[in-house]
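When the chains are written out, they are named A, B, C and D in that same order, and each has its own residue count from 1.
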């Protein structure tokens, strides 16, 4: 058996802790060497539980010559500088979405990883969910025929707290970005994007932000796409997708937490998940397993930094459409096997 | 257009009122001539609403020479005498299940209707539900192959009130009887029956009655059947059926009141029906429409008095099995195209 | 009992025959006096089956002084002239959607019915479906909170035949118009509309028509709406609706033809309906029953000619948005209790 | 971090390979030391894939002093001798169900493990499925009230091959035994058991075996239970459970392979799993993880050898009921915290 991939995790919010747990307990080919959080106490608690080391300094990951890879689950603003530092130190990188909120910055991260020859994988976990994989296979085999419509809903429980109210770009780049990636991955490249948003609660209105977004895509293939996102669905967290084809249609359901029905007082109740952690534990494990395998087997990652940049560009175009109240056309070119988007008008 | 079938309804509980409404408003070939209830005030209210005549005396139906048919929705104990009287007066008869609780009495009713040449239809409405009809068609066409298992659940909300606590026979003959008829109609004749019952609530225990019954059938064809009934399901009313065949399986779902999902506070809620009235309005209409057509077109009824007697015999055998704690074998013979059951041992 | 409402039906395609059947057999307060079709043989067949009279001339309805009301199920282009003629003769009118394809013409129909004092009801049957009624009630009671998003899908099996390829307006005015009415009825008045369409099949492309449409609405209340329509879904006919509120969310499902599951060869199969006739028989009956009651009881109709005009205006605005590739703003004013839309820009 | 638990797996059919994979790749606290199969080539293939050692001799596990625990996935007839040998060598044991087909033999295995002080866990994986755990919790908290009815279905795709046709006991002890354990675990101890079986296919009839079984249980608490099992369901593999209580009812659904719906040609299709391997991968992982933790943490196992013996006794009583065509009463006593069943009459 080859040596395990030695990994450090930076950022120990709920998502970071889940990645750390999977690396420590569920992925045989990985060894969790160290966990880092700005708050040392948190890092120490996680380290104790997972029987690994703790630190409050990201440098302790970058400068450790025994570490092969880092997993970045830090605030978005730290993604690019951490990628640049890790790449310079020759560490492979798994980075949560989005790459950042600024295109030039994100490009800098890509350049850094590319020139250092390290792998960079972005956390678009939905590509690793078996339901979406099955649906995509139905498209790829041609069974579905020509895609006419891609429809997807993503609902966060919310409502957003003050901390998350900083204009629609953040919502589009942090939440809708999953749908942009899913759209590209399942259907293909996008030509035009139109966004409509609203806010109901006073706090969100005051902040000039949106709670609900409807995003219409026109794909290069002629297919239409429609995404609806809510960050205040209140009832729970849900995600579903439907692809209408000229031969057949495929639908991925909300896939609730369990298949238990509770019958009481004239009601049949199904219990919903609260958030993405409850909805996708298997996909978070699968994406990390895949990243570790890519490092161990010295193969390409399945979700590239360029995929992260493409989705971010769509979020930017979406933000422009929302502000300018018009359709925004985007173009793309291929370079070295990767797609690069630009806003045309 | 032929003259409408002139009908009188006796017994104006909820079920009787529904039949009266359907005859008055929804079945073009019927004319509701008179409604009868022991309480004249109730009869008058219903008559006013449906623009027909009222009476507190069943004789007013039997003696009215302009009436073609009577619909009996009276207490079970009155079924046989009313059938005998109506048959003597040459009226066609639709009678709610069960024919009675006594076999000899029930046979008397059949003899009366047969010798008078009047039609007698029993209220096994499930035969008129489109879902069960589709399922039965799958069996009849042979698509399902040989039937290996028939499984059905019937759940009343309950719990039973004192008035309904009078020993298991009544439960078996009033509730399970629908399943006995469905079993015969879908699968065929029965050879052996075994019944298991229990009671949880103190009132039911004291009355020596049962709340839950599990009934195992062995069909002549070799198929097994299993019925579970509860008269105290509390959460609501439900009925579903499944037939497992050697080629395929068919399943009729609970078919809830509506296809609306209410998402709130971490729960996805479907609302259930309260009772049979909420569950089968379409089937009650269809069976009455069919009865009226049988009279108008002078053809045989779809559910005969003999079907009513067969189901009652199975209820009797079930009661014996429950009391004697053993399997009960039943036999049957055919006479004039109808089946007649007897308890063998 | 008051005299029945005497009704004539014009146009005996599948929908016309269903309305005629319901009037003849299922609606006690109606009497079907005559059926009319341009092809006399068709009219005669239907008349024979329903035991009524036949004619190939619409004048035979208008000029018959014993007729109270007419039901128009004729081609769209005939709606306005027939309404005008029927109104002049003092007949109440039930007219299938759309009123027409031309606003000025449609206004002429409204003026005619208003000045003659006859009732005019438009065939927006979804308002009579119990599922949608339940959903709307959840909104009206305030249980759902503020509406954030209205989402609805309508899928015709298609693909459209040559006869139906005549530009997107027809699709928007014949199909999407149901969603425009549902949107207004459930959520309220619309301020802005944006439409995106595509075509995959060569025939549809050549005709300059669309197969799929995504329509985004902005309501006066601030709510967003998104409608997706396909006229070539191939797999079957479906319609579902979801309303996301600040307190709860309600979802009306596809409510398939039956609740039967067929399990065979590794698959659990539910059978779908083919078209609107299979999907909404109960709603078609309920709307006609309601129209007959409105005439009999001399009360207002539930879906007015003005509702028909409002939905048609939204279809016009939708068509403009699609052609001009931009958001179209609409305004509305109230007159005599009815809403009147206009395109602002 | 404590040393990993060193495990050997014996028997490399599909189930054995899955356990070996989980031990090698998914359970951090375990180390897969060696895999054994009577066919050395199979053992070698699995060992190569999982980077461990191979052997064709069970002695190589028992005699290896570095091995802490063995996992027995061998034919039923080998379970007892292997348990006895492993216990004698001081190895902890995870054994697939059933313990054996002979009570005295099974008792010998329990005595051996108990006197050697080694842990013995039986492979009743359903206890580790999150859906069944949730359902059981609803019962334990009292939310469900008194249990009135336990209903469960287990369907193997089958049909059984010659190799598996050896009389009903084997079916009851290999398949229904899961339901006996689930019944005890969710509801409590059993007092009476009645079994009904049939066979449709000629091969099964000739072998004197059954294809379908209906099993009725009466629990000590007064609750009734009904199990239906088919080893020839053909359409696929399914398992579901329902518990009807005096306050509420809980239902665990069939929990299909995925939440994808394929809409084509008038059908909405869900794809089914083929067998238990497709249905329960998470539960097989969880039970093995739990066993490894019990060894590592030196705590009791969650499913004991006594649980295995109790379920086997119920299978024996079931077999007697089927052959004698009568209800069979069973009694039980507690010793050292475990339950021991006996057949009373």
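Descriptive notes on the structure:
Convention: a residue touches a chain if its C-beta (ideal position, glycine included) is under 8 Å from a C-beta of that chain, and two chains touch if they have at least 3 such contacts.
Small disclaimer: the values here were computed from a predicted structure and weren't measured.
Interface comparison, B-D against A-B: more C-beta pairs in contact at B-D. Distances between chain centres, each the mean of the C-alpha atoms, put B farthest from chain A.
Mean C-alpha position of chain B lies 42 Å from that of chain D. The mean-CA centres of chain A and chain B are about 57 angstrom from one another, to the nearest whole unit. Within chain A, contacts with two or more other chains are made by residues 234-235, 247-249, 263-265. Within the complex formed with chain C, the chain D residues making contact are 234-236, 256, 263-272, 274. The residues of chain A lying in touch with chain D in their complex are 1, 24-26, 28, 51, 130-131, 134-135, 138, 247-255, 258-265. Within the complex formed with chain A, the chain C residues making contact are 145-146, 148-149, 151, 153, 155, 194, 196-201, 211-212, 214, 216, 218, 222-224, 226, 228, 230, 232-235, 244-249, 325-327.
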